[in-house]
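Shared between the two complexes below is chain A, which pairs with chain B and chain C, respectively.
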Partner chain A sequence: MSGIALSPTRSTLRRYLSLALVHAVLVAGVVFMLAPFVWMLVTSIKPPVEIFTAEISLWPKQFYALQNYGMALEKAPLLRFALNGVIICGGILIVQLLVAIPCAYALAKLDFPGRDLLFVLVLLGLCVPVQVPAMPLYIGLAHLGLLNTYFAMMVPFFISVFAIFLFRQFFRSFPDDIIHAARLDGMSEFEIVWRIVTPSAWPAIAAFCVFSAVAHWNDLYWPLIVISDAKLAPPPLGMMFFADAEAGSNYGALTAAATILTAPLVIAFLIARRRFIDGITMTGVK
Partner chain B sequence: MAMAALATPASFASVARRRRWIERVTGLGFAMPALVLLLLTILLPLGALTLLSLTNYEFGGTDMDWVGLKNFQRALADPIIRRSLVNTLVYVAIVVPGGVLGALLIAVLVHRRKQTRSFYEVIYFLPVTSTLIAMATVWQFLLHPSLGPVNALLKWLGFAPVAFLSEPSTALATLAVIGIWQLLGFNMILFLAGLTAIPRDLYEAAEIDGCAGGIDRFLTITWPLLGPTTMFVLVTTMITAFKIFDTVAVMTRGGPVGSTEVLLYNIYLEGFQYFHTGYAAALTFIFLTFILVFSVMQTFALDRKVHY
Partner chain C sequence: MATVVLSSIAKSFGPTKVLGGVDLDIADGEFLTLVGPSGCGKSTLIRIIAGLEHQDAGSVAIRGAGVDHLRPHERRVAMVFQSYALYPHMSVRANIALPLTMSRLKLRQRLPLVKHLSPGRREILRGIEADVGAVASQLQLDHLLDRKPAQLSGGQRQRVALGRAMVRSPDVFLMDEPLSNLDAKLRVHMRTELAELHKRLGATFIYVTHDQVEAMTMSDRVAMMDSGSILQLGTPSQLYEKPASLKVAQFIGSPAINLLPASVAAGGRLELFGRPLALAVDEAPGRSVTLGIRAEALSLSHGEPGSAVFSARLRRKENLGSEYILHFDLAGRDAAAGVTMRASPATAAGIHEASEVTLGFDESAAHVFGADGERIEPRGQGAATGSVVPLRA
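Moving on, here comes the complex of A and B:
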């Protein structure tokens, strides 16, 4: 009732007030979200004298970016860490797709003995995080003399049961008629998978690529176990080595290093914003 | 004529048989690499882990004896393991409500914005893509007792400085806040997808029925219809939070005085630093049990979603 009694100016006022409140909450959240990024960038261009004061200032009096970034790059092979990250993510992703796509197609469209059992195994695999098989895998790799290799870092992730599950859902809705027609045209199953079915599932594949790259670029647990050679370290492990070596004393160089190692994914995200967000939605909600 | 009429069904049958045979062979062939990898990297290690958990094997050692369930008994009685389990659950108990309700609030507020929506989306999502280990170093500096801006702000507001990460009473909660910071945007995106799926005319209908206020609208339409999404987000957040490792390994290493020792960190220490392989295998099974319980809840959540 009171809503009707309100005069138009008062209701507009109320709308503006609630809008202001909404933005106040959101902006408070934004400050919390952005604070580490802002502080990282600001610190990475400050000289030590300004870092080691208790004053809060968002801009350096003396611009010290060259020295900090130079020192970070000189003391730690940051570009090497980033390159390792690219190699590992790329290697994992390629094998994951090569293994998961045919398997998902077989599960979705072909009738073969043991299909249901395989699907049950895939579903069970979804519940087993890498930390569970980690120790036997470590022992096995140690016996094979494969610790401290790119292969060791990638091998547990070659099979992504999640990719198989996701792609199977997509392939199932692919029309059977088209597959039959392709078979009548004399196409082999191999061609059907890679030239007809795979392109149709492009949104799911792109979503999975984003998911996989983010996960493995940022993974620490497994590389920490199998890698002790700093030359092979992916970004998180490299950052950890560097932070340990600096022991929290050189914040300028540390934040510069953090900026360099965080930048590739963040920039990729800012460029392909929609892809990332759609990808997370799709892989999250299924 | 008669011969042709006889031959056609027969050759059809043989073509169909041949077709089926090809299908079975290709199916197996396509599934084979996945099956082999599944065996080598998940199933065999799980079997090995089961056997190891029944022994006193230490990696690098030469002798090994069967000890039955001793490792499990020891783990359940071990005060360090109990404490790390309690710490993990406390961490989950902070991150889950914070990360889920916070994300829900932000999603509801962001959902109705038109011009500013993508701006907020990008900023809240930024921590999800950033490398947590690198950002952990920055957080350490932000929260530094004497040099960090957070404490400078507290002092300016007239509060006593807090040594967030070196004080046993605050360290775990501080890590939980960082955990929330990291996954808030992820959950927000999931909630936004759920909100988009709610038909607009429902809100209009509610308005006609006298549900005018924002809170009314939320309680009568948004919350019930968002139920399945909430359930899903809840369980994924529980699993993610239960696997807390990175921030502990980089920022506190279980300290101060064990206040941030969590289950996965203890498994890492026992298995890969002290090489108590048999014991760590038993601990891994305790870890897996929790993950499986959460996963079962997830299956139920997904089921509800299908029927709904």
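Moving on, here comes the complex of A and C:
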């Protein structure tokens, strides 16, 4: 009797222990990931004196947020940088989707000679880092007189092999019978792509949108090469101009600017979080 | 005249030959079933008729005209898929309406934004709405029109798929195992509904199934397929009563036909388990043949004339309510599988498990198959005299 009575409590105890262990590991990961953000937030509300003290404190003795954020907003065209970021990310994303979705459909569902070879090329494309074609692209854009334009910042990223790969994997699990039914109902292949297959791929598309927007919002390398006009600068490049010209070593103002420029991404991710996770797991498991 | 004529259709997927020159004439308004084990090529054949696959050789003609150069929707056939293949993000209404919007609206009337500028679009949409409503009420889908496929039960999805096929009023319906995802009870119900639908529409139905019961119960004619060719084409009763080969005999009928090894003795007389039968065939003595006997042709023997006998031991009784299926072992024989027999409850009550009985069968009801599996007509029986083979030896 006592054995039977004991075992449930023991098993609950064990369950709680393992839960605690799992959560300890997760909390450690969260701390590691969030520390830079927290530090950025904390620094952005500290006065310069406190930033350079040797002791670590998570709350300023003197609240200096108004001055830091005021200076950031006043001295740097942060909204302009953010608008540039939106234009560039939006432009890149729209073209990427317009190109990658039909490509991925063709690779996943159409039968044509050379399809597998093309897919291998796509995979190889994944292995080429952006730095490799930077030089020829720069020379080409310079010859065309397109440096210092939004177009120059966007053009290398219009074709995303990663998107083609991701959507191809997603479309492969789309039932062939539905495509057959659509053909029998008289749909063209383009209509099948946009009206039948794409609506079912929203999780994958949402996931890719987050990947793409984060990557290009935060990109410094390519804008640094093709942009010298501060009015066209996307957020990271703008931050760099701001750091050089205005803020110097005013880290309070710098981190305040960084906070303002990071916020849209964080908010967008929080809104799209569920979709994003769905997209990753659905394409990953199959 | 929605006839469908297939001439020597061949198809291979890589090195695997799926169809090897299939010829088939399907009459206007006929309900023809392609039946066979999985992998026999029946689904590929129906997809070739629909234009979803392309044959390597041969041609398809619908309404007397070749359609090989036409794309699927230009062939004016409708198809119902095993998985229903409903568009998951569209309502039932939009699913059923889609074939009509594709055929009645021009491209510019379907484009986003631009479509609102096109004149006459509203009248066409009203016509489509009316047609969808008519089909929906025929299939009792009226109250489901605004649901998404995911919110429907299997039977309801099945009906939506049927509705999407019917709304175009095509002359030819292609059905690829439409009932196999339904539960047993609903399947029996839908069998009747489909047969009635066929009668009402008067269209040509080509129906693919691996279930011989569906083939037997609904069809005007059945084409039994195996390994990419048609083994036998005929009415359900022809296939049941005169199977052209061992494979057809084994596939059609439930419980499966009993097969007993026999041999040809002098004068073409057949011998079963060493006992001579009255049956005789035109084969050389010493050849071995197979006797096929339906479960209802077997009975407990009381020494009637014209019936062959052998002994067997009862292994198991299956109670189907109105009748019993009795499973016997053939003690000491090489027919390891044993035999099954249909029996009335009264007969079944008289036999106990493990008891030894003598079974007999009417020799005129036995099918004889050669070593190559082809049917052999017994001597004096092919002439359709219907006379019972005289006297046991």
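The working rule: the second predicted complex is superposed on the first by the 204 of 286 C-alpha atoms of A that agree within 3 Å, B and C clash if a C-alpha of one lies under 4 Å from a C-alpha of the other, contacts with A are read in each partner's own complex, and residues count from 1 in each chain.
One rule holds in what follows: a residue touches a chain if its C-beta (ideal position, glycine included) is under 8 Å from a C-beta of that chain, and two chains touch if they have at least 3 such contacts.
In this text the structure is predicted, and so the values were computed from the model without any measurement.
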| item | value |
| --- | --- |
| Touching partner for A:Val30 - first (chain B), second (chain C), both, neither | first |
| Partner chain in contact with A:Ile196 - chain B first, chain C second, else both or neither | second |
| Contacts of A:Met135 with chain B and chain C, given as first, second, both or neither | first |
| Between chain B and chain C, more extensive residue contact with chain A | B |
| Chain B versus chain C as contact partner of A:Phe165, first or second or both or neither | neither |
| First, second, both or neither for A:Trp222, with chain B first and chain C second | neither |
| Contacts of A:Leu261 with chain B and chain C, given as first, second, both or neither | first |
| Chain B contact footprint on chain A (complex, rising order) | 3, 18, 22-23, 25-26, 29-30, 32-37, 39-40, 43, 51-56, 98-100, 102-103, 105-107, 110-115, 118, 121-122, 125-129, 131-140, 142, 155-156, 158-159, 161, 164, 189-190, 193, 214, 217-218, 220-221, 224-225, 235-237, 239-240, 243, 248, 251, 254-255, 257-259, 261-262, 265-266, 268-270, 273, 276-277, 280-281, 284-286 |
| Residue ranges of chain A in contact with chain C within the complex | 175, 177-178, 180-187, 191, 196, 199-200 |
| Chain C to chain A touching residues, read off their complex | 47, 50-52, 71-73, 77-79, 81-83, 85-89, 98-99, 102-103, 110, 164 |
| Complex interface listing, chain B residues touching chain A | 20, 22-31, 33-35, 37-38, 41-46, 48-49, 52, 59, 102, 105-106, 109-110, 112-113, 116, 118, 120-135, 137-142, 146-147, 149, 151-153, 155, 181, 184-186, 189-190, 192-194, 212, 214, 229, 232, 236, 243, 245-246, 249-250, 264, 267-268, 271-272, 277, 280-281, 284, 287-288, 291-292, 295, 302 |
